[in-house]
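In the two assemblies presented below, chain A is common to both, partnered first by chain B and then by chain C.
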Partner chain A sequence: MIPARFDYHRAADAAHALALLGELGDEAKLLAGGHSLVPLMKLGLAQPAALVDVGDVRELSYVDERDGVLAVGALTRYRDIERSELARRLVPILAHATGRIGDPQVRARGTIGGSLAHGDPAADLPAVAVATGAVMVVRGPGGERHVPAREFFRGFLETALQPDEMLVEVRFPASGVEPWAYEKFSRRAQDYAIVGVAVVRGPEPGIALVNMDSTPVFCAAASAALGRGEEARAVAELAAADGRPPSDLNGDGAYRRHLARVLTERAVRAAAI
Partner chain B sequence: MNRIPVRVTVNGEPTEHDVEPRLLLVHHLRETLRLTGTHVGCDTSNCGACTVLLDGEPVKSCTVLAVQADGHQVTTVEGLAAGDGRLTAVQEGFRREHGLQCGYCTPGMIMAATGLLAAEPDPPEHRIREALEGNLCRCTGYQMIVNAVRWAAAHAGETFDVATGPRQAEGAA
Partner chain C sequence: MSLIGAKVLRKEDPNLVTGRGSFVDDLRPDRCLTMAFVPSTEAHARVRSVDASEAAALPGVAAVWTAADVAHLPPCPGLPGLERPLLASDVVRFVGEPVAVVVAEDRYLAADAVAAVVVDYEPLPAVVGVQAALAADAPALFPALGGNLVFEQPWESDLADVFAAAPRTASLHIVNNRCAPTPIEPNACLADWGPSGLTLWAAFQAPHHLRNKLAEFFGIAHDETRVIAPDVGGGFGAKINLVPELYLAPALSRALGRPVKYVQTRSECLQAMYHGRAQEQDVDVAFDDDGRLLGLRFMVTQDNGGYPDPGGMGLPALTTAMATGCYKVPRVAVGWRNVVTNTTPVASYRGAGRPEATFMIERVVDLVADETGLDPLEVRRRNFIQPDEFPYATSSPLAVYDSGNYPGALDELLRILDYDAVRQEQRRNLDDDTKPLIGVGFSTWVEIAGFGPPGSLEAFGHLGSWESAQIRVQPDGSAIVYTGASPHGQGTETTFAQIAADNLGIPFERISVRHGDTATVLQGIGTMGSRCTAIAGEGVRAAATTVLGRAKEIAAHLLEADPADLQAEDGAFTVRGTPARSVSWNDVAWASFRPLDLPEGMTPGSLETSVFQQVANFSFPSGAYACVVEVDRHTGRVGVRGFYLVDDCGTVINPLLAEGQVQGGIAQGIAQALFEEVSYDPQGALLTSTLMDYLVPAAPDLPGFVSSRICTPTPNSVLGAKGIGESGSIGSPPAVVNAVVDALAHLGVRHVDMPVTPQKVWRLLEGAR
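Moving on to the complex of A and B:
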């Protein structure tokens, strides 16, 4: 359980982190909360040559309201999102789903940016970002670009981020994201979802599934059906037909489709107007 | 081998050591500082035996690099009774309510419970169970642990003499 050797660099701020990434090249990785990266390094599944520690870059830790969005700094820890009055009021699905990640110790360390940049399809916040229509603010050597969450996740643990770029902020619509529901099914405490679903019923409905493919799944047909006011059962059938669910020791693809249908129906009913 | 200076305040005492960046905080505590109260129970960040307080929040010290704790405050189970040597209500609660059998998970449980009661002094039972989600116990079945935390909540702020536990009192009689 001892990670392989690496060079360690501590970034004073975001600009310093980007400069270090530029200098060190592809072999360097950012270290935020470390709760995906350190477990992988302990198991020998990740062996970065260098880490750029951004864990203490406080300028990217905030939850703010501005211009109709809830802006969350990429280095904001789960604990601070869970406890944020602003997040609970404006984007309650975000605060709620964050509170369902792992266990209290994990939530004391993990960051929203780390979760989204890691791009694990079994993680909770990627699906919440997709369902709410969040936008990722990405900073690189050439400046900033904005990537909609629905285009950000490209494959298993693969996102639109380039090695010399960093996620600096996530913007959630501060209105129109209610009513909502988040359903997560797992069999043991602190586990990832076997399947989960985020449902936002606002003027632009969004439904996204957790752990039903190699990326979070945006359910376009089910979201449209929800917008037309179709029955929960019909919406759920459409959602469950989406994605290419993996088979593993927790369940095969058919079981996952079953869960997706049941959880979506439950979530749509819970998010009744 | 590259070594990095790490300054951590552990149980109120400033410490400074040059360590390898890959050193985990739990190994720094156990091996560099010889504070072996914090246990290692797994390779996968699941068991919580390694739980310590980092700036007052319970964290799994096997999933934090020592270098990440530079400039921060760490409290281990040894730090609870520090000073006058008297036990905290959480420690005494585990003793009175038999919140342990083999004791392997106990330091982690005590630190997670201490973190909970600092944030929520009088949690209902379901909150205690949620707060201990990250801590596994292979012996007790958890109910006695939950009872211990409830006992501690009811005795918040009190401290206890190690020598006057219920067993000694009975033995003396």
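Moving on to the complex of A and C:
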């Protein structure tokens, strides 16, 4: 409950944050809302030598529509996404899933970029980004690059971000992401999902699972089957066969696969055209 | 108008909701040091060495002590030969047991020093769970014990004749899951030992008890030992345990000449604050075709954890005492075993032994219903002790039920619950795969409260079983009530002011209640075992009555009237029938300190008195609860759709607070039934060391409550209050589990152990496919 010693830096803007990351090297971590990183530090599971607090970088807090995408600044708080009329209209699955994160206190602090950069496979937004085919805008010393969400998550709490880079924006397709459904199964309302599933039907269907592997799972076969108009049950069978589900106190692998099947079937039915 | 039964808002809340409460961690005396433990990472190991040299050399570290540094001090109070040491010396017996203690300038430096202490363990095979501990080849925690069985109370008879002759019998093995009490404030204490003696601020439920124990431990006088329980953020029974920090903080303060504070982190609290429940039970029941109970045979195996706590040792005695619940059972055989395992010690947790009894007997009654095909309510009605049969002597000498109306509570429950509608929906849903399975479960329960009659708490090391009350009317007519009870969230300042106001005729707003300081409260036992209102509250009533009698004498003297003709109300004494002849309480109070205004023979300062309130028997609150659940037949999730409750705690002082106690207790009961379980791996590593793994439910996870009550006062007191603090956590778990079993009964499910997790239910559903 008491973190190891660390240095603390506060970035005035994104450029300052990047400069600090460049100076401090790979022992530094960005601190946004702190709702993923700080608990790990308090439990001693993360011991960064330095934190770069980007809480003041308000230039990266926005929800905009431009060029056919919903552009969400990396430091936009969950609550602002949940309540954004634009997000609710253009990418409703994002607004809805964001409203299912933690509890009101968590949503008042946590940010979309913080969640995605942390890369927890049990979190809600990574799967939503994968299912919708979102694109990550990553800024580093050499400028910006775009990484599709489906290539962004590399391993447990591991992403395509380099130590001197930061996620600055997430771009969701502003059309073609309906109908949709998000099913989350947890024992308490505030918990991470034991299993969750994001389903986007649209012209390019996407199905992604929460907490079924060390990364969010893009269900390629199930997504294709959904595109072919196959029955919900058949789609669910394919989805549930994906991933290598973990075992913990809440559920073993067999139960998680079962949940993935049930939840996917429900989500596909709920996302009926 | 009487204040007894009035919905008065809590006196405590303005402080607490504006952040003006004063908890131990809010206290920051000058030069205060922080104490932290080096916890064992092993469940069972020999400690080869503890190297504290690097930690001791760190900046800001005032001391690092190991077992060798406390060798001159006794161990924690316990069973002879099995006492828990202040710091583990040669062997550690559970993960989290302190092997060293660090004192530093602040808690961050203390945490760094803890990390720098190097302990060399030689791991020993660990035993987790009572079955493993009792296995023939189990490693022994205490070799001198010759095994892990600390105590065994065998059956007096195995009731072979009853079971041989009974038309029907059934059996059940029950695991009552281990729970972590998890008060919002963890264990905390602050010791300041100066030239004038020791002061210990502690988040504790029984400050005088702790004062007595500290004085005995250190060989110092009571008058130089002061214990203060300031605002305390919940305890649930866990803050009466005599744990090492309560002795180490004073010892370190004395040695270092500075105040020493200890506050657990949440993870330390989950790991080291003593757990509750952790019982296995084997029960056999004999009954006839009409569902009448003929005999009950019940063996309790209590997991006492790494060290047998004296309070924890007594849990099975309470469980077996209440084994027959509110039913007439002609023949009963009970026995128990206390077992040590390589886990956190187990002691009192809200209900302490009685939830385990209630869960057992209420499951058994449903089992009898299942076997006979009778409605579970019909089986209950056929076996109830009737209202005209009190006092009712059960098979246990501890349990002579004082009063009750079990059929009346059930009637009231069926008034607020539409039982037929639930059954109809249950039948409708059964064959509709798109609908959840519905289940309804009942618990008609009785518990022991009001601890207790003489001898009952002495058995657990307390000075007595009475409680003190003192009233001191101030010169301006306001009054201060001092109580030996030590509230930690109950709202006692409010209820006792109500009782005092009602019996003094002084306005509620002009009464303050003080508690929790051995230097100002004359003596005390503490708040536990649902005793506060039943005993301490009765003491306040008795003290107020005495003071009122003296005040009437003074008022009569001032009014030149007969004391018998006076009535005290709304802050004044008035001659009955002559409203104009009146004197204010303020004037009477003022006069009480002025000899020239007093009647002959009365001395100044007469408007104060002390009472040591005793009771002749326990009180036995009861009630009838119903839980309606829906089970998702595809995921196994159990949702509590509604909880219906009827409580009978005798006289209610404040319905708001009574309702709060019941709802909080039921929240903990539902938590035990569906969410919470302390889990260890087979090597004794704690798997539930954070609130992400130990699932305390929050508001969205709990149902709405539909509540009502009936009132059967206890004959033990004039007040008639029975106690209500533990009712909810005692009565509710079997209602939840009975509902789940009811929902799954068509699949052949007869029992499911707590917590009823979705995965567990899914397996039952799969097994039936």
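Definition applied: the second predicted complex is superposed on the first by the 273 of 273 C-alpha atoms of A that agree within 3 Å, B and C clash if a C-alpha of one lies under 4 Å from a C-alpha of the other, contacts with A are read in each partner's own complex, and residues count from 1 in each chain.
The criterion applied here is as follows: contacts are C-beta pairs under 8 Å (C-beta built on N, C-alpha and C of every residue); 3 or more make two chains touch, one makes a residue touch a chain.
Treat the numbers as computed from the prediction; the structure is a model and nothing was measured.
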Once the shared chain is lined up, is A:187 touching chain B (first), chain C (second), both, or neither of them?
second
Please work out whether A:53 is in contact with chain B alone, chain C alone, both, or neither, and reply first, second, both or neither.
first
Quick one: chain B or chain C, who's touching more of chain A?
B
For A:176, decide between first (touching chain B), second (touching chain C), both and neither.
neither
Contacts of A:252 with chain B and chain C, given as first, second, both or neither
second
Have a look at where A:104 lands relative to chain B and chain C in the superposition and call it first, second, both or neither.
first
Between chain B (first) and chain C (second), which, if any, makes contact with A:35: first, second, both or neither?
first
If you stack the two complexes on chain A, which partner ends up touching A:262: first (chain B), second (chain C), both, or neither?
second
Quick one: is A:6 in contact with chain B, with chain C, with both, or with neither? Answer first, second, both or neither.
first
For A:92, decide between first (touching chain B), second (touching chain C), both and neither.
neither
Residues of chain A that lie at the interface with chain B and also at the interface with chain C
1-2, 4-5, 39, 43, 103, 189-190
Show me the residue ranges of chain A that touch chain B in the complex, using the header's touch definition.
1-8, 10, 31, 34-35, 38-39, 41-43, 51, 53, 55-56, 79, 102-106, 108-109, 189-190
Contact footprint of chain A on chain C as seen in their complex
107-108, 111-112, 115, 265-268, 634-635, 637, 675, 679, 687-688, 690, 692-693, 695, 697-698, 700-701, 757-759, 762
Touch list for chain B against partner chain A, complex
1-2, 4, 20-22, 24, 27, 40, 43-46, 48, 51, 54, 57-60, 62-65, 67-68, 70-71, 112, 115-116, 130-131, 133-135
Chain C touches which residues of chain A in the complex?
1-2, 4-5, 39, 43, 103, 185, 187-192, 194, 249-252, 255, 258-259, 262-263
